[in-house]
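Next up, some structures in structure tokens.
Shared chain: subunit A. Partners: subunit B in the first complex, subunit C in the second.
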Partner chain A sequence: MSAPSSTRSRSRTGAEIAESVAVHTALLLAVAFALYPVLWVVTLALTSGGLGGQAGSAILPFPTSPSLDNFRIVLGGGGGGSRAWLFWQQVGNSLVVSLATAFVAVAIATPAAYAIARFRFIGSRAGMRTLLATQMFPAVASAVPLYLLLDALHLLDSRAGLVFVYASTAVPFAIFQLRGAFVTIPIDIEEAAMVDGATRTQAFVRVVLPAARPAIAVTALFAFMSAWNEFILAATLLSRETAFTLPVVLQRYVGEHDAAWGPFAAGAIVVSVPVMALFYIAQRQLISGLTAGGVKG
Partner chain B sequence: MDDVSLQTESALRVPSSPAHAAGTSTKSAVAASPRQARCVMRGIEKSYGTLPILRGVDLDIPEGSFAVLVGPSGCGKSTLLRVVAGLETADRGSVEIAQRDVTRMPPRDRDVAMVFQSYALYPHLTVRENLAFGLKLRGVAPAEIAKRIAEASSMLGLDGLLGRLPKDMSGGQRQRVAMGRAIVRHANLYLFDEPLSNLDAALRAEVRVEIRRLHDRLDATTLYVTHDQVEAMTLADTLWVMNGGVVEQRGAPLDVYERPRSRFVATFLGSPQMNLVEGVLVRRDGQWLADGGGIVTPIDDERFGGALTEGRAVSIGVRPHDFEVAGTAKAAATLRVEIVEALGFEAFAHGWLRASGPRIIARLEAHHARRARAGEAIALTVDPARVHLFDPSTGLSLDAHASRV
Partner chain C sequence: MSARAVLTACALASVLATVTSAHADVAVWHAYRGAEERALVELAGRYEAERGVHVDLLAIPFEAYTSKLAAAVPHAHGPDVFIEAHERLGVYLASGLVAPVGDAFPDVDVTRYDATAVRAVTIDGVRFAVPLANKCLALYVNDALVPESPSSIDALAKRAPTFPPGTYALAYEAQSAYFHAPFLHAFGGAMLTDDGRFAFASAESARSLAFVRDLARSSAVPEEPSGDLVTKLFASGHAAAVISGPWLSSELGEALKYRIEPLPDAGAGGGRMRPFLTVEGAFTTPTGATRDEARAFARWLGGDASAVVRATVGQQVVANVAAWSDPRVAANAHLRAFHEAAANALPMPTSTRMRAAWEPANKAIQKVLRGDAEPADAVLEAQHRFDDATRPPPAPASPTPALLILGALLTALAFFGVKRARAPGFGAELRASVPAYKYVVHAAVAVVALVILPLTAGALTSFFAGPRDAPRYVGVENYVAILTARGGDLLGHGSFYVTLLVTVLWTVTNVTLHVALGLTLGIALSRPLLRLKTVYRVLLIIPWAVPSYVTALAWKGMFHRQFGAINAVLKALGAEPVSWFSHFSTAFAANVATNVWLGFPFMMVVTLGALTSISKEVLEAAEVDGATRFQRFRLVTLPLVMPALLPSVVLGAVWTFNMFNVVYLVSGGEPDGATDILVSEAYRWAFTRDAQYGYAAAYAVLIFGLLALGTRLTGRLTRKDAALA
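Up next, the complex of A and B:
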């Protein structure tokens, strides 16, 4: 708490104290609400052989005899022995597909968004609206046509096919996000660069791109995450176990008749850790306004 | 190149005879001064859609001269500057810099340097990198870049800031960096787009003097755009007053101030602005008088010459500073004072000459300023040489010498 508010706290009135209590109670409830399922997942993951009897009906779940068995099962590819390499191949699938999606999204969206933000041309508004419209349809709606398309292209069960599909939604979204970023970058700095001796392209590469770096990082992160977490299309388009991405792998633990909640929860943790790490790393970029100070501000 | 600039510190470092003999080029090398170039614009026209912004502008800035474009917002001055920089393309007309037609050239080939109103520093680069940016792009050798940065940095007092990012500096510091980035370029022509408008009043006055000092030292051909008449008056060698997309008048600042060609120029320059009342010309006892709106004053008939005809309707203009409190002399006007703005060394008395007339401002000096009270009537005289006459319909001055160019 900052200095002014701490000095003010000495002379707090009863109403202010009541307000503070109410606010903190509400926040604590919200935190509990958000963390409760996470607590369940952690408990499940650390409890070997599934939750029996009393643990399963506990209001506040807690791993009574913590064990890493579930993690061993997941990392062993669900069967152990010869399947041990499988899980890592699936991790590889997820990584490659997500990174490629992020790369394609940024590579296509950056110049597209810049053009839309800076130049007036016929169709720029209509194009923007069309891009927005593509975001209105749920991915499932296009699952069947996409399946047929990929089948015709012999890209079912392949990483490339999945990247292709993911990019089709990631690119419009990225264009939308980046356009917003480019609009906020003052055109003055590009003009200054051009007067200084830069070509239009040099001004873009050496001045605009660095200034847009935080926005580009965030956009890439979003594309990566949406691909990393995507389940429905992956489940539809992938049928070979070796081609699976992690969400599909996870879902396999919870079958129609037999639900292995322990490995499922352990897998969920394994899958979320990289995303959390990425968020942590990107935090600074998310917050920092790199353009601050370039113009009068 | 004048004597004053030869006396600058850097010029004195070289033996005087070669410097004199070789003239501009030697001094350029020594004082790191920019190459001087003449800039000529002819018939510049520019519209945005159907809205005309520039309607045929001719401009000529001689080598090493400091030209100031001044005018109200929307008069086209910034657009004209951008046309010179190559950031806008003129619909018609030509731009010539250093005897080269640059009308169709991209900004980078024009060899101009520009200081933006927003400073437009590259946010991800340090001050040093900001200064080096244009030089690197132009393939200047690293040693030369370092030398020029050192020069500009010591000229502008940036030495302690070279490692900083723009966001870690104050407005005044950023403004200096923006000027430094232009100085290191050693460009043909320097363009300033309202560079002081984001500074506070005290700093603005300081930097204004600094800019003039830099110009005197570097002798760079400069085109400076501002809406601030103080900047315009104090910085310019030649003042170009723009209005509605055309140059309304050009000249040395004091000439323009003293002989405004039109009502617009008359009221735009000078603060508080010139008082205008409607009246007629009369001839009494062999003397021409302007009479109207509560002012009856003799005028300088030599100045208006052939324009004087009995009964002609005129707009009579008197600057607040040209009124004097009438002692024993016959008063030209009587001001009923409504408000007195006392500024210490002077005061502005606001009021009316006639109940139905326009509001009038008169400046009072010294003890008159101290004594003035609201509600009083003050008898005023005007120096006949300081009375301006304009045609009420065209707004143009009747002064035969107040030529447009």
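Up next, the complex of A and C:
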């Protein structure tokens, strides 16, 4: 990735420019790689009324007669008036469920990860092993036991039940990720706080948590994404259209024999916009840890 | 903090928990979309106006339909009535999801419906659904290209040279057994015998395969035709005729002039092409069948007035006889053509064996079309596959040895527990541990209840076999069968060991590329003076942000042999186009490309987070000390980010090992199951091969064991992070 610039004494600016060009070229290539398949999805989304005129291979996808019909179909909830309201309600469901998942997962995992990183206690190693083990088991048949469990807890067909399922499945990753971050935070900073009279909990909340902000942001984003795109559990556990999340709504465009790819692609784009907006906001958290870290250096 | 977190969680729960809606009069589930859904909504409104009974409709995505019914109905959370295709009746009956419809379909109504439709919903003289609509394949013909009806498919194919260049005589989803069935029947073959035995391995079947292979060789039909491609070709006038169902017409615009005809003869020795007939019906669940309102609605839904609405609004080929004398229905030429086609179609068998028949037949067809096997050999191989999938469940085993082992394990556990507790210093250690438990207790409860318990329940099914409603304990038989390749060649095609090798290769390749790409981009993006940093960051997470279901299919389209963008690029560069899914190496590469694309943003984001733990001063100090860029990366950056990165790498490896979606959506295991990984094998056993959940669970437990062993070993070797191993 870096430019081949080992002699970097006199022509420092020249080498830096060359390096900057190299980095930008590499990044632009990566962006092209990231965007190219999505362009096909965008083309599909902008092509309305069946797929006429799209046959034949093209290197650069471009809609022959772009139209926003598919977006209208998706945003209108497949109909007018109350259906459009329904779609926005479902957007709301997705946002509430995913944000709550991110919040609950981080809230559950942070103290546990902190304890595993900082305390020696009986069962910590076994606990970590078990957490890793949960990620190894392919969930071929865990939908039915989950259904029974939520039924027993009277959380079936509620967004709260869905949030608890999503958050719990995100917890193992969250604990791993946060524990890794806590380990890299020097213990001196909390000890200094405790010398200044803070309790362990105060030191954790006021000193350690801010320093771990980047890792918390990554973890929250991950938990958010896992809930935002999950479809099969949401479709199985929810039984009211007004409670559906967006992936369930999107999947409705795929039938047994055929799929309405245009609206599906348009929906996929609509679904990804909030994620990018969220990431745009979250990335400030990702880099802010640099200054918050404090003592080290 | 922990108390506050619990409180917040509880508060959140109470806000989120929604009051369940008042009990609806009749709950109806369906997977209809578009016009069919509109018709159903209209009918529900009419019914409420006429009878004062509210009909609560719920539209469910097709992909989740069966699993949702299977989860909800046995626990009395299902609907009263659901709309479903008759061929799943056998499966639903075996799992207790349906009950006879009773007076929703009394004897006096028999003449109200098509005779074939009545037969389709009847098992042993008991009627299980009110027939609603018929679905089968027919021939869509482009008026401009083919003005007169083709006498046979063979005759149509022979006309291919007269069409404009780039135009195919016929397009249909040739790789699917459902679409091949009309050809199979034309040559006198069958999928199943009447008593549920596999009938695909026959000389007639081989002749039908030879016929479609010749069609493909003469370039009368396109290669690798997906449903999407068939639609595109016909809609754009690049296919003179296509074989498709009633669903296609809604995709075609007004501009195209076409007509629909029942399928003609195959020609070249083949007789009349008879497609499979699917009859959609209104089924009653065990609870719904006991409710008068539910049965009354089901009967009304099949009735004459409803049928006219379903035909005119929903464009359904209704199974109701009287509706066809309604002038608005009779005037619809497309519907009439499908009505005629349905009369000639063969109802799909309801036997549960049908589930296990599709995959072997699909594989045989694909192999012949690729030119990898002669038809006669391919159908024999299909027979082996079918026999393998439907082999009788192992004999029930006595649970005594398992109970003894369990007892011994518990005793040993108790012994070590007591020994540990009595060891010197344990009390002090425990007291020292108590503050830590305050921090972990809620995480432990959540993970045990919602992750570990369901997984354990799933794992326990690996000791059982047989039908879902009456599983029997078989001990470790499922494991023995997997590890001995069910008596077949241990290193043969699709054996556990070969698939394991593919899985390991898949995991190593993907994780290496994910980390390499994610780390490089993460480091590049954390350069302090980089311009447009935020723009790059947001653009680079797009592969993660767009739902993978649609992007994976976009990737599959890019690898298409004839119409894919990648081959277009290769052609532009002067290289030969590649048939991506015909060879293991290229199909594997296609899967890897897709999965790397999907996965690198995650690694990049994790790297960005991890890099923040390195202070600039350390790097500057290293630079002052004269370290080169590479030295700084290897000696300073890498060791410092590794602790934060390692959990994601380990978990990434575990997830990739179990990454089922990409393999399923992109290569689909092609060629011939060679690119399948262990977890996709497990899914196939659970969902496409006779629903052998126990067997699939045994696969899952083996995968779990392998991964546990693998991470343990790598942990030992690297000794980077003891707690991970």
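By our rule, the second predicted complex is superposed on the first by the 237 of 297 C-alpha atoms of A that agree within 3 Å, B and C clash if a C-alpha of one lies under 4 Å from a C-alpha of the other, contacts with A are read in each partner's own complex, and residues count from 1 in each chain.
Just so it is clear, a contact is a pair of C-beta atoms (placed from the backbone, for glycine too) under 8 Å apart; a residue touches a chain by one contact, two chains touch by 3 or more.
Given the structure is predicted, the values throughout are model-derived calculations rather than measurements.
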Touching partner for A:Thr199 - first (subunit B), second (subunit C), both, neither: first
Subunit B versus subunit C as contact partner of A:Pro63, first or second or both or neither: neither
Which superposed partner A:Phe33 touches (first subunit B, second subunit C, both, neither): second
Dominant contact partner of subunit A by residue count, subunit C or subunit B: C
Which superposed partner A:Asp188 touches (first subunit B, second subunit C, both, neither): first
First, second, both or neither for A:Gly76, with subunit B first and subunit C second: neither
Shared subunit A contacts, counted only where both subunit B and subunit C touch the same residue: 290, 293, 296-297
Contact set on subunit B toward subunit A in their complex: 85-87, 106-108, 110, 112-114, 116-124, 133-134, 137-138, 165-169, 171, 174, 181, 185, 191, 198
Footprint of subunit B on subunit A - complex, ascending: 186, 188-189, 191-199, 202, 206-207, 210-211, 213, 290-297
